[in-house]
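Alright, structures below, take your time with them.
Look at the two complexes coming up: subunit A is in both, with subunit B in one and subunit C in the other.
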Partner chain A sequence: MAGFLLRRLVNYVVLALVATFLAFTLASVTFDPIGVLEQRKPPPPAATIEAKRKDLHLDQPIPQRFVTWMSGVVRGDFGHTITERPITDELGRRVGVSLRLFLLGITLGIGFGVLLGVVSAIRQYKFSDYFATLFSFVLLSTPVFVLGNLLKIGAQDINDAVGTNVLLFVGETTPNFQGTWFEHLWDRLQHLIVPTLTIALGQIAYYSRYQRSSMLDVLGSDFLRTAQAKGLTRRQALFKHGLRTALIPMATLFAFGFGLLVVGGTFTERIFNWFGMGHWLIEGISTQDTNVTATVTLFVAVCVLFSGWLADVLYAALDPRIRVN
Partner chain B sequence: MTVILNEGDSAGTSGAASGSPVDAAPEPDKAMTRGRLVLIRFVRNRLALVGLSVIVVLYLMAFVGPLLSPWSYDQQDYTAFLQPPYADHVFGTDKIGTDMFALVMRGLQKSLIIGLLVALISTLVAAVVGATAGYFLGAADRALMWIVDLLLVLPSFLIIAILSPLFRGESWWLLVFMLAAFQWMITARIVRGMTLTLKEREFVKAAKFMGQPARTIIAKHIVPNMASLLIIDATINVGSAVLAETGLSYFGFGVQQPDVSLGTLIGTAAESATTFPWLFLFPAGFLVVFVLAVNWVGDGLRDALDPTSTRVRKREKKDTEEKAA
Partner chain C sequence: MTSSEILFDSPADPVVEGPVLQVEDLQVSFPSEAGRVHAVRGLSYEVSPGEVLGIVGESGSGKSVSSLAVMGLLPPSARISGSIKFQGRELIGRSDAELSKIRGRRISMVFQDPLSALTPVYTVGDQIAEAILVHRKGSVSKAAAAKRAAELLDLVGIPNAAERAKAFPHEFSGGMRQRAVIAMAIANDPDLIIADEPTTALDVTVQAQVLQLLETAQEVTGAGIVIITHDLGVVAGFADRLMVMYAGRAVETGKVDDIYSQPRMPYTLGLLGSIPRLDVGEKQALVPITGQPPSLTDLPPGCPFAPRCPMVVDACHTAEPPLINVDGSAEHHAACIRTGEIAATDTEGAEAAAEIFGAEVVEAAEIAKVPREERRVVLGLDALVKEYPVNKGVVFKRRVGTVHAVDGITFDIREGETLGLVGESGCGKTTTLMEILGLEKPMGGEISVLGTNVSELDAKRRKAIRRDMSVVFQDPMASLDPRLTIHDVIAEPMQVHGYGKDEINRRVPELMRLVGLRPEQLSRYPGEFSGGQRQRIGIARALALEPKLVVLDEPVSALDVSIQAGVINLLEELKSSLGLAYLFVAHDLSVVRHIADRVAVMYLGKIVEIGDVDSVFEAPRHPYTQALLSAIPIPDPAKERQRERILLTGDLPSPANPPSGCRFRTRCFLHASLPPEKQRTCIELEPPREVQALDHEAACHFAQIRQVL
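And now, the complex of A and B:
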């Protein structure tokens, strides 16, 4: 079992490296920061351009640039942004901002999604099932950038109705906020609600659909009948044997869902002006900044792969057959 | 959004051999052909029918609507800036006085064309590559599996966004090929899996022993037997392609000026969504309704082409009812 998890981990580290290399190469090939510099009016002196070219290592072949950057990363130095600011200084704060959004969103999403799926499977073809189906169909057809802005309009309406700003949707905290520790927490919470909802709603819809059909598969199975025959109540049988089996396919989905979450997070951060990793990616691409783009890609790859690895662990925990082999 | 349609993804197999050559033979007109059977099942599904009519209406609207409107998208009404909807401008006007109806129709047109083209191209590529990889196995197969794995780590959104400086100022055709280039892989993987089982079937073996070249076997015996899966996937892919395009355009990484798509319209309106909601709500509404309709049709098509999944559900319903009683 430990061997299995270790093998997967090594596999994932290699994949993350390849993904980052690919993103770095693509970015280096397509981005043209010197061209942007040359188009400035008035044009900067040739010496400045030459210095910039040296500074960005543009005189070296791309694989060599990648090796230079990567050897820095290993030592904890992610290089400079195009405007000469060290990436490492900003990285910690941005990762924190993004992870706060992702973790809350995915926890709520899985929790409520599984619950909703189980309930609609058990009460199949009842009103609640139809309602849940319609709810997730509509949400899955609504892209994050529409949902986020809709919630923003809704939050504005609530604020207008209440008369004060209860739900805040610009930034992750009020700039220059003065107050006690508790007031700070409350301020962050006010900023957190709408963006977290934006992320979580889509995740709930996504997981509930799968959970419903995997629960339905289990409902008709023989082992549930056996469990009831040996004296468990239907509820006990469902939760002790049914749910556990129905959760197994969900473990694999978890890895898929995380990729979706990261892209959704990019939109959410942009809509609500959270200066997280997704916001940085859009900024990096717009300013043609290879280092920032590669750093964000590495972050995305590590997130997706870690969740994939976590899915393997969950899989092993839920399915005894994996542990035995 | 293949998400909802998981129930039969892999089970969407070969329609229980229904597409075998015998069925395709012309029969007396009273007899029930497979085509009629599928049609009857599809028509019985009310949601799918509604979805289909919505799609037809939207395509008609996108191309006929602008002809009926008194305003054109490049015309400005200097007497109406930022007006909410009223009799003269049914969708209101934007800040330079352009009629929003004309603009939304133009955006809808572009988004729908891009969605359709990307779905057709990517499904075609998926069928060819998936079937070839599954039939020959070997290096091509390993490469395919590896690329699909890598795409899970590196979301295609991120790759196209990084490559976006390449098509800045280029025609939207480039974007179509870009989107198609990253959308075929997951379908190809499903096609590959089905090819693995199909190639063990008697009629494929018979063709092989008769000395048919591999290319003929793939084109005449393998791909036609996956028709149901391919039709379902092409439908769903229209929806995901539209979502991918609008998502990229939202950030300005997709459709470029002077073209507009639903994504660019939503992107420009999002900043002021709380103050001028009509600029945002109309393009967003069209987008959500279209994707929802596509998902309903995809679901209906699956039930019609691959009815085993419904039958299982009905039986389960009976089972659970008996248990409850």
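And now, the complex of A and C:
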């Protein structure tokens, strides 16, 4: 099993490389940073433009540029942004910002999504089931930017009602905040709540639908009846025997769901002014910055593939039937 | 507390005198779109300590529902009334939490399908241990429960129990899983065990093992047992009393011997008469019970069996007959107003059934009167081989072994003849069939159809030859496209072979009549038909191209006994009137005995015995055939109790790694009894197929006749 997972990991490294190469090539072909420079008024001197071209390695063929960039990446150097700032310095902070938001969002999403799905399945065709269904469909059909803005309004209402700003929804922290580490933590938490909710609500809606149907499959199964015949109460049988089995088909969904969330989180970051990876991608594209675009793509690729790998691990952990060889 | 105390503890409450289980006027109904389904309508019975009660009936007769009601495992939508007293305590109306203290502790249950009865994600040992722990939290440690689980597995006959307890359900065969479920059921020394069709999904050899095990379980626990089945053979030797159910009620109850020898209700008679008998040599008339069980949503007044009853009179429609004493015995009851007349007939049992239901022996075909050697060979297999590679690795596959699914089998089928191909699951029956139906060049050996060697066929001739050969599959639910009308289903083979539209429209209704269905139903969809009717449609489709050979893959094993009889009769009639030859694959040897002229017994890809059906069944030479035959229950309590069972140990070895020499030697009782030098012959030499008698060959070094019926 360990060997299998290791082989998978090696495959994934190759895939991540291919994905990044494609993004890099596409960005290099379409972006025209020199053109932007030339259109400045007044136009910069030719020597400056030439120096910029050299600096961005635009005089080299694209594969060579990629190799140059990649060999830096391997050494931990992601190159410069178009404005001459080292990417590596900013990368860590931005990854931290994004992961903080996404990991919390998806953890809550999975946790409550599974719970809602299970409750919905057990109480099929009862009020709570209909309510959960309605809740999910409303959320699933609401675009993230609408939901985010609605939550902002709601948060403002709460703040007004309380009389002080409890929920903060601009940025990931108050600029120039001074205080003890605990106050820092509290400040970040205040900023975290609304954006996390924006992500988690959609995730809850999504996972609860799948969990409901996979739980319904298990509800009629013979082994659940056997468990009850042994003397487990219905509730015990459902949670110990039913839920575990119903989670198996969800493993893939959890893992790749995370990969896709990283891509989709762009909106949330924009709405709440979080300077995370999604935010950066949009910035990179608008400033015609190949290195930033390639870096974010690499990050997304790593997330997606790591998630896939995690799915394999989850599968193996949940289902003994595939735990062979 | 030591582990033996766990199993054989003295009950905390004093043993209550009287019956363990007392069901009084039980009514169960479910909501459905068509109205309330009254699945159980006033059922009363009781089980004494140590007694075995058999409950028999067709699917939908309410036998499983009534047992689930006892367990408190019915869905919440079920409405239950009446009384279920367990050791004097009323169970109806108790909460799930209260019932769960009794379930698995005092009453336990063994379910029908062992493949799905265990949770796939926990080890077998853990699941058995859980049954102990859930009732003895605090008093038994986890380690003690795990140890106990291994002991229980050993008790139910799982070799290497301590090791195997750590295996997951998918690593167990069906028979082993059923053993594990039984281990779970006896883990807490229950007072009542309910076994719901415990052997239905299993091979006959495993069925015999499981029945034996249930008997052992009863001896160990002293529990009362309720065994539910649709097969009267299964309970004949095991049950003390019998209750026959129909349409949610008991229609006949009594001592097992009384019911088998003097059935007093036409339905029981029909059930008895519909079972092909393994121990009857001459052609027997099988009683088909026509029609279907009534819908339980809106029963008309009168006897619910009346629409299907051959003895029906006007009075039957006025009121539902109550159970009354028959034959002056207080123990034998039947619900029929004409039971006195049944008692007055001269014949008894199956014979009486044949007489009352008007069943007749099907005449043999004209062609069957011609000596076998003079008839044309319809299908010939010569040393047919089919192997599958065993691959390992996910990215780079490499071959690590070979499954010898079919390993050199030879037989032929002549015009107007039925060859029964029998053996346990995994022996290669289905592979053989698929090879024959594929009409491709085999990996080894030869297949010839009507004298043409299939490896020499080109695409066009292969298609032409397909007309002479057709197939009927096992599962009538899955083998018909639910989106085609019956007309289209039957017409399809003819369209493929380019029949004209007029011809098709003429032949389809003709085929419907031929299989005993009404042509008016042609525009309906398969979903509107019952299992037996669908199988008839499958047969009509198989006959569309007027084949010479029909391959039947377990055609009746998915059907209820009463329906099964009708389909078997139909197959016999068709064979006789159309001069067909059948290759009949089955695991039920009684059916084979009834319908086949010759039989071939397969074990691990080889034919171990082949020959005339009477010769093979009456004087079996190969130990495997003897074991198979002895495993089949006979619906005759007296005979059944006297029979000595040859129990095969374990399961079929893996065909990827068959034993050297004689493949059967690892499970062979004869081999085990031989002196070492003779055993060496079995280990080193593969036994050749040798002629034992006229049209009777067997492959055993030490073949000897052993009567097992």
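In this text, the second predicted complex is superposed on the first by the 323 of 325 C-alpha atoms of A that agree within 3 Å, B and C clash if a C-alpha of one lies under 4 Å from a C-alpha of the other, contacts with A are read in each partner's own complex, and residues count from 1 in each chain.
Keep this in mind: a residue touches a chain if its C-beta (ideal position, glycine included) is under 8 Å from a C-beta of that chain, and two chains touch if they have at least 3 such contacts.
Just so it is clear, the model here is predicted, and its values are computed rather than measured.
Visitor: After lining up the shared chain so the two structures overlap, which partner does A:320 touch, if you call subunit B first and subunit C second: first, second, both or neither?
Guide: A:320: touches subunit C, not subunit B.
Visitor: Using the superposition on chain A described above, determine whether A:230 touches subunit B (first), subunit C (second), both, or neither.
Guide: Only subunit C; A:230 stays clear of subunit B.
Visitor: Where does A:141 make contact in the superposed view: on subunit B (first), on subunit C (second), on both, or on neither?
Guide: first
Visitor: Counting residues of subunit A touched by each partner, does subunit B or subunit C come out ahead?
Guide: Result: the larger residue contact count on subunit A belongs to B.
Visitor: Touching A:115 in the superposition: subunit B (first), subunit C (second), both, neither?
Guide: neither
Visitor: After superposition on the shared chain, which partner residues are touched by A:5: those of subunit B (first), subunit C (second), both, or neither?
Guide: neither
Visitor: Using the touch definition from the top, say if A:221 reaches subunit B (first), subunit C (second), both or neither.
Guide: So A:221 only meets subunit C here.
Visitor: Taking the superposition on A as described, I'd like to know which of subunit B and subunit C A:244 touches: first, second, both or neither.
Guide: second
Visitor: Output check: A:149 vs subunit B and subunit C. Expected answer is one of first, second, both, neither. What do you get?
Guide: So A:149 only meets subunit B here.
Visitor: Name the contact category of A:104: first (subunit B only), second (subunit C only), both, or neither.
Guide: Neither subunit B nor subunit C is touched by A:104.
Visitor: Under the contact rule defined above, give the subunit A residues that sit at the interface with subunit B and also at the interface with subunit C.
Guide: On subunit A, the overlap between the subunit B and subunit C contacts is residues 234.
Visitor: Under the stated contact criterion, what part of subunit C meets subunit A in this complex?
Guide: Residues 71, 73, 96-97, 100-105, 108-109, 111, 113, 116-123, 127, 130-131, 134-135, 168, 170, 181, 184-185, 188, 392-395 of subunit C touch subunit A in their complex.
Visitor: Going by the contact rule at the top, pick out the subunit A residues touching subunit C in the complex.
Guide: Within the complex, subunit A touches subunit C at residues 4, 7, 221-236, 241, 244-245, 248, 318-321, 325.
Visitor: For the complex, which residues does subunit B have touching subunit A?
Guide: Listed in rising order, the residues are 1, 3-4, 6-7, 149-150, 152-155, 157-159, 161-166, 239, 243, 246-247, 250-253, 266-267, 270, 273-274, 277, 280, 284, 287-288, 291-292, 295-296, 313, 315-317, 319-320, 323.
Visitor: Spell out the residues on subunit A that touch subunit B in their complex, using ranges where they run on.
Guide: 15-16, 18-19, 22-23, 26-27, 30-32, 124-125, 136-138, 140-143, 145-146, 149-150, 152-153, 156, 206, 209-210, 213, 216, 219-220, 234, 255-256, 259, 262-263, 266-267, 270-271, 281-282, 285-286, 288, 293, 297, 300-301, 304-305, 308
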